[in-house]
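Pasting a structure below so you can have a look.
Naming follows writing order (A, B and C), and every chain is counted from residue 1.
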Amino acid sequence: MPDAPGLELIRGEIEAEHPGAVLDTGFSQERAVLSIDPAHVLAVLSLLRDAPGQGYRFLSSLHAADYLPAEPRFAVHYELLNRDRVERIRVKALLDDPAANGNEKALPEIDSCVEMFPTAEFQEREVFDFFGIVFNGHPDLRRILMPEDYVGWPQRRDFPVGGEPVTFTYNEKNYG
Amino acid sequence: MAEQLVSHRGELVEDRTSEVMTVNIGPHHPATHGVLRLVVDLEGEVVRDLKPVIGYVHTGIEKSCEDKSYWKVIPFVERMDYVSYFFQMEAFCGAVERLIELEIPERAKHLRVIFLELNRIHSHLVWLGTTALDLGAISMLWYCFRERDRILDLFEMATGQRMHTRYFQVGGVIEDIPRGFEQKLRSFIADMPVRVEQYQALLDRNEVFLSRTKNTGIVSRERLLELGVTGPLLRAAGEPWDLRKAFDYLAYPKFDFKIPVGTIGDNYDRYRVRVAEMVESVRIIEQALDGLPEGPFIADDRKYVLPPRSELSTSMESLIHHFKLVTEGYRVGPGEIYYAIESPRGELGCFVLADGSAKPARVHFRDPSFINLQAFKDMSTGSYIADMICSLGMLDPILGGVDR
Amino acid sequence: MRERQLRARDMLRGDLEGEELERYVEEKVVMTNFEKMLGWARSNSIFPLTFGLACCAIEAPISIVTARYDLARFGAEALRASPRQADMIILSGRVSIKMAPVVRRLYDQMLEPKWAISMGACSSSGGMFSNYAVVQGADKFMPIDLHIPGCPPRPEAVLYGFTKLQRKIQGNPDQGWRARYRAEGSEEWARGGPRSAPSGEAAEAYSAARELLRA
């Protein structure tokens, strides 16, 4: 994994071209993490992929997490892999929840990286299906795992798990 | 068939030059691959476009896991990719072990490798049986499942369950292997290479099988890498990428094994790569069994691992630890991790977000079948529908993993 | 054995008379009624539908047709892919909310008489997945004839359930615990059922007990 000086060098490279993109760097369990501003996500990803020293050309996984009640609420994680040096780096794009500011139906938005990494097609659809994060520029953004007409974003923390309680005598309503 | 149907007076009745028919190969179909729905645009017999529709066995496992303490998550995540269940357990337990920085003992590492490789052979046997069944070589199913039953007997001997064994726990494995397991395992691995040769003898010179699988479903290596495909599909296309060799996890660095790599990446290469992987797995099991060290089979840290039952009647702290672990579960400090292993289908990654409580805040699996399914369209467009069925078999999707 | 051969020879020659003839006929001829014969024929020649949803599908229908747990010995080896030609559906695996209408449609497409086995915990009651995405029991949208518990049930358990289904088809359902504990008629039904509303004293006793629990 890129170690601390390596990570700072990467941050420096990115800051040189796109100031303000990188919000934070960190290490979590020996994995280098770059927290970035979602507006610059395509720039950062393309730099990590194409810049001669970097070469993180394989997107292992694209997933999101809901950090409620922490702010910013959502983060889209890009797990990048450099297969030549066998190194991983994680890019976190932190997103705020626009529904918290009053507009109930607003959904967080971020640019889609399908053109750079075609593997993201299904994965971005899954993130949209479960969190309601809209990817601008995705060719076919619709629900992938839930039924097409489902209402609600299941994987958000405030969505109930659902299911039925186990019925015993004391809570079975139409018993007897 | 005439391209344009013209009446006897010379008028155009029907223009058949491009008649694209959309066929729904619905969630229930004879190919035994689970509930995958394909909306296929066909022009005659040639596939022009293909859209997989998934989600028919979506179980909300990731959401359910947020509601359960860490050791209760293990049976849930097992049931995702229901043929290679030990791999999901390893991905999750490995991820949590990295988060809490717990070292597992050597014996546990060897045992985990043994069971993982047995499960790899099991998964490839199920694949071979059902794919050959799809392609018409029906008797392969019985032969493959004969070996599969022997593997399940081994699992049952060690863990009590044939499938979904809940054998790996954070810190090691839940129980040591019983007496007699080693002999039975050795007799199995002595027989296995002979059986693999028998399978190859059945299929390798079968004209129908060869002509259906050779030069069909070819996708280039670069395109597969772009699509994020890993596992035997990528290796069949010529890229020697295997996470067991790239990232040393568990006890794999100690063992000497080869990675089968194909040349052109057609369906025949995929078949050969998987069959060769079965033989390599047998070698790994043999080395793991020969080098199995004595020692504890689970870590010692009582904050995360249940104490042995014999101690419960003598030591008060053990009783308290047991109580806390069973009722509340152990707390995993705030942190997040992505841990990936090589499952029979590719890179299986587990993302765990822990927030300091006894329940994980997010568990997400990067499932290889889900990602590999994106390559299916590239494999089948422009080929016949029968080749599409062959590619579907060789793609080896397990819908439980695709849908989670 | 020799005696039987001699009697058979006499029968063929027409030499058997009177009482011997009566006894011979009783041994060789079965008297039954049409329903029983139909039930026997139907139960021993079931055509299951090749339908597998999730993990239980690896145990059945794939594993029970293999050589160790042979379904063919019960006459059910002809698995049919089309629901129109099948008469039994084994719901092997969790039924998600997206799949439920599909399963119902398949069940509707099957022709009478048809039976449904719900195999495993997930299709019987939602199993371990008590969440938004799994139908909590296939009972909610289609009639099920037999539930087989387990996660996944062993193939032997599936075959045991299959023999119980055969008995049910023959019109002779296995009473199970009712016979073992001599407890016919003592079932408690949550919804509906022949004695669903306990009457009189029993009802008062139940409501008194519930008040006690709540207090």
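Operating definition for what follows: contacts are C-beta pairs under 8 Å (C-beta built on N, C-alpha and C of every residue); 3 or more make two chains touch, one makes a residue touch a chain.
These figures come from a predicted structure and were not determined experimentally.
*Asks:* Thinking of each chain as a vertex joined to the chains it touches, would you call that graph a line, ring, star, complete, or other?
*Replies:* Per interface graph, the chains form a complete graph.
*Asks:* From chain B, which chain is the farthest off, judged by mean CA positions?
*Replies:* Between chain B and the rest, the longest centre separation is with C.
*Asks:* In terms of Cα-based centroids, which chain occupies the most central position?
*Replies:* B
*Asks:* How many Å are there between the centre of chain A and the centre of chain C, using C-alpha atoms for each centre?
*Replies:* Roughly 48 Å separates the two chain centres.
*Asks:* Between chain B and chain C, what is the gap in Å from one C-alpha centre to the other?
*Replies:* Here chain B and chain C have centroids separated by 33 Å.
*Asks:* Could you please state the distance in Å, as a whole number, between where the Cα atoms of chain A are centred and where those of chain B are centred?
*Replies:* 25
*Asks:* Spell out, as numbers or ranges, the residues of chain C touching 2 or more other chains.
*Replies:* Chain C, residues with two or more chain partners: 98, 129-134.
*Asks:* Mind pulling the residue numbers of chain B that touch at least two other chains?
*Replies:* 55, 58, 60, 63-64, 403
*Asks:* Using the touch definition from the top, which residues of chain A touch two or more other chains?
*Replies:* 146-147, 154, 159, 161-162
*Asks:* Give every residue of chain C touching chain A within the complex, in rising order.
*Replies:* Residues in contact with chain A: 97-98, 126, 129-134, 136, 190-191, 196-198, 203, 206, 210, 213-214.
*Asks:* For chain C, which residues count as touching chain B in their complex?
*Replies:* Where chain C meets chain B, its residues are 50-55, 57-59, 62-63, 66-68, 81, 83, 93-94, 96, 98-99, 102, 106, 128-134, 151-152, 154.
*Asks:* Can you list the residues on chain A that touch chain C in the complex?
*Replies:* It is residues 146-147, 154, 159-164, 166-167, 169-170, 172, 174-176 of chain A that touch chain C.
*Asks:* Quick one: which bits of chain A touch chain B in the complex? Just the residue numbers, please.
*Replies:* 28-29, 31, 57-61, 63, 65-67, 77, 79, 83, 86, 88, 90, 117-123, 126, 143-147, 154-155, 157, 159, 161-162
*Asks:* Which stretch or stretches of chain B touch chain C in the complex?
*Replies:* 26-30, 32, 34-35, 55-61, 63-64, 75-76, 79, 82-83, 126, 129-130, 141-142, 145-146, 148-149, 162-164, 399-400, 403
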